[in-house]
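In what follows, chain A forms one complex with chain B and a second complex with chain C.
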Partner chain A sequence: MELKIVAGEKEEVTEELKKVGLEEGIAERIKEDFLPAELTVTLEDLLEVPIEGAYAEDIILMLGREEKGEVKLGDIELKVNKSELSDRIKEELKKKLKAVRTKLTREKLDDIMERVVERYEKAKVEPREAVGIVAAQSIGEPGTQMTMRTFHYAGVGAIYITLGLPRIIEIVDARKKLSTPTMKIKLLEEYVIERNKAEELAMEIEETHIRDIGKIEVSAADMSVWLSLNEKRLEERYIKREEVEEKIRGIGTDVLVEVMEDRKLRIQRKKQSYHELLRLEEKVSNTLVKGIEGIRRVLVRREPTEGYVLYTEGSELKKVLRIEGVDSTRTTTNNIAEIAEILGIEAARNAIIEEMMSTLEEQGLDVDARHITLIADAMTMDGEVKQIGRHGIAGGKASVLSRAAFEVTVDNLLEAAIYGEKDELRGVTENVIVGQPIKLGTGAVELVMGE
Partner chain B sequence: MKKGRFSILEHELVPKHEIPEGREVAELLDKYKLQKEQLPKIKKSDPVIKEIKAKVGDVVRITRRSRTAGKSLSYRLVIE
Partner chain C sequence: MTEEKEKNKYTKYEKARIIGARALQIAMGAPVLIETEELDPINIAIAEFEKSVIPITVRRSKD
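Presenting the complex of A and B:
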């Protein structure tokens, strides 16, 4: 199809657009490009159905100015708001229509609205459509193209994150223990802009045990544990000597700490046996001086749009959200079980969608969000995150025949016979086996002749 | 460096949960020819349910942000 428009008209359109308050960027693009073509292309995307040549031409014809009767901005608002479209499409449509307002007439506006609504209704899923199987296939097929490789760098400084197929499986399995738990900690105010502040906060979060900041020796001669603290490490992590002493005393009421002249610490316990001494050494070594137990590493990174952000190895959402300077509204973890526990089932549902979409996107795969949404809905339907296992969500299926069709046919049939089970022939598999129409789509409705 | 409280309701992952009027629930169940028990569930122990103080048997309305529709409404029944 040939698309032409005279230069003078283009300029006019651009000015008009700016007056309407459309972003300059869009106005510029319309100036350079060809507006109706763009409109049809966008509408085509919006409705997810290919536009036939004739339809595109209709819209372009409608954009002509032959007919009189001006359309006001309010008319567009009113007409679009009154329609049965979803909010997002309404917003998009309004924007598009306002851009070509001067070229519209009332009849044309009505006509466009009618067609858009019609297409929207057509794009909806029909009742009794087997959406589950469609979702399963839509994720299954791209799944075959995903990497099996487990690890991937998350930038310099390297925090490993499970990606690709292993990550998808982890999500769908609703694992409580992740192979690579990680958090993205967003910061507040000055922490976002100042590197020092962000780093100080990172040290506040990263776990520091005594073994990380000093050398520990056991001396059987005087039955004590000797600790020499590394000055540089202490400074790096903003830890005072007194704090360390305090923590060691906290191990038990009978623990004695002495500071010697060379600043070494001598740690003793009243009960003196070699066995006790070794246990004391272990306790001292594992004592947490600073940070949150379970956050093994914190990485400070500057993101182009967000300022300084912390990435962690290990995840402790509840404790991290309580820390001052942490944005408790936007900090997240990749551990869905943790989100379900702390933020609730709806947050977990959102997290499943986000995590799956970003994993797929990272692999360069484009899966419609609605398929993922369906999976997330199915997983969180009972108020807790359930795994999608080899036998579906609930575990065993009700139907004998469908179980037999799946695995170990004879065993299943034999067992069902022993217990005298019945098969109600409600599912798809059972009906295919016995050669009846399945209860899906048109097979799901029964028609009775009216009078 | 500790701050005492934060509200989980303000977290970006948590959509708005509300307890709608009984009439709204009745209309919903009537429209889709449903029993309350056929709705998706949410546990009494769910942190958000604790915050909004819903009781077992209540239906909560959840206003989700949807990638495709912009905004969508959903309902869950509070269970034990």
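Presenting the complex of A and C:
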């Protein structure tokens, strides 16, 4: 009962604020308060799915003081293969054990094996475990530790990226328009090594409008637009004068371009009116000469391990991947909707995991990848990226009682009554409300007398 | 080894339910199936579970 009232009150505040029309910032703040609740609503009914995972890392630590001894490679193979670990962990373990082979005795090997298996068993999730709740809380709690209520920017050079809780919300909300879309463009062979080539490619991508490369003047006296191109800018951006003229002619068939003696361009339209002239000026100024519309800036950086890499402000994955010299297999964007559209839902799922992990990591928070994987799975399992909202996954959760429990109780119940909705009592909330054991953990076990 | 296997047959939730149900039976006067010094029904149920003599199993549904 109490829960209903609290949730209802909060919702009223949101609606109220929206009505008053307060700034987005406040809506964002309320959104932050809601994140754990939203995750919970979405994931609370998920259970079980045994997943594997173990910590092979500490075996090296466990070796402790150095001892003399040598275990045969064959022994390691045999021991590890016999154990009930997953294949991936087996491989990793073998590699690590072989590396320290000279310090191992047989007893020590047995000891290590035993402990690794033990840790592995512990890390397993048992059937009927409420993994959804655990995942929701595991993201919700770190959320309280993150830089709250502020946009936190960390620069890659001078490009700003939204980080912290606002970024997490952006991901979970499956927003199509990001506040700071950005791409990391990896390059192919020669572009990686040569700065010139990388820079030339960067200019190929960065959007350049005519207003960026010259001065535009409108002269009402002779009803024309005058453009004086900046020689230095043209050179910087590898643009030829002819290209610019070409682009201007492309505005319309009745556009006349004349090159004057002082290299100024005189642009006119056949239909001459003052209104028409102003429109022409705007069109000229916004004409794209080079690059990809939407990529406002490109930064060339030399990464110690990767060579030259381009960072962008703005994201246009589809167009960027087509450009020659771009490594289409390793280029990424932080816009998940774009990834889903161009590379498919599995790629989007991976992107969600990757983005959430790196956002949390940047804040110094360590969250088990399995929780995030679950959230990514919940968001993408229908084949499209769906947001985690106040009512769970959009269109996913239908239960009347759980909706009523979450907010505006009476409205929800009334609405449901009008439409004659039924409640199957499958989820957690519904069963708690009616006072039944929930179908999770011990509540999901069905006992039978006799063997 | 077989005893080990037997123990692992149930998840922790199943184990809790079986022991709980059995403890309730014992508390209400059901005959105890093993020799034990224990007096607390829950401890008796645990001892019975470890010897796997409890006549209760679990139905695992498909869903």
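Methods note: the second predicted complex is superposed on the first by the 317 of 451 C-alpha atoms of A that agree within 3 Å, B and C clash if a C-alpha of one lies under 4 Å from a C-alpha of the other, contacts with A are read in each partner's own complex, and residues count from 1 in each chain.
Rule of thumb we're sticking to: contacts are C-beta pairs under 8 Å (C-beta built on N, C-alpha and C of every residue); 3 or more make two chains touch, one makes a residue touch a chain.
This one's a predicted model, so the numbers in the text were calculated from it and none came from an experiment.
In the superposed pair of complexes, A:Gly441 makes contact with chain C only, with no contact to chain B. Residue contacts after overlaying the shared chain place A:Lys124 against neither chain B nor chain C. In the overlay built on the shared chain, the residue A:Gly344 is in contact with chain B alone; chain C does not reach it. In the superposition on chain A, no contact is made by A:Arg390 with either chain B or chain C. Counting the residues of chain A that each partner touches, chain B and chain C differ, and the larger count belongs to B.
Of the two partner chains placed by the overlay, neither chain B nor chain C lies in contact with A:His275.
Look at A:Gly450: by the touch rule set out above, it reaches chain C but stays clear of chain B.
Within the superposed three-chain model, A:Asp382 lies in touch with chain B and out of touch with chain C [touch as defined at top]. Contacts of chain A with chain B, set against its contacts with chain C after fitting on chain A, share not one residue. Contacts from chain A toward chain B in the complex involve residues 86-91, 201, 204, 321-325, 328-330, 332, 339, 341-347, 350-351, 353-354, 369-370, 373, 377, 380-384. Only residues 1-4, 6-8, 10-15, 17, 40-43, 46-49, 62, 64, 66-72, 76, 79 of chain B touch chain A when the two sit together in their complex.
Those residues of chain A that touch chain C in the complex are listed here as 126-129, 441-442, 444-451. Residues of chain C touching chain A in their complex: 11-14, 16-18, 20-21, 55-61.
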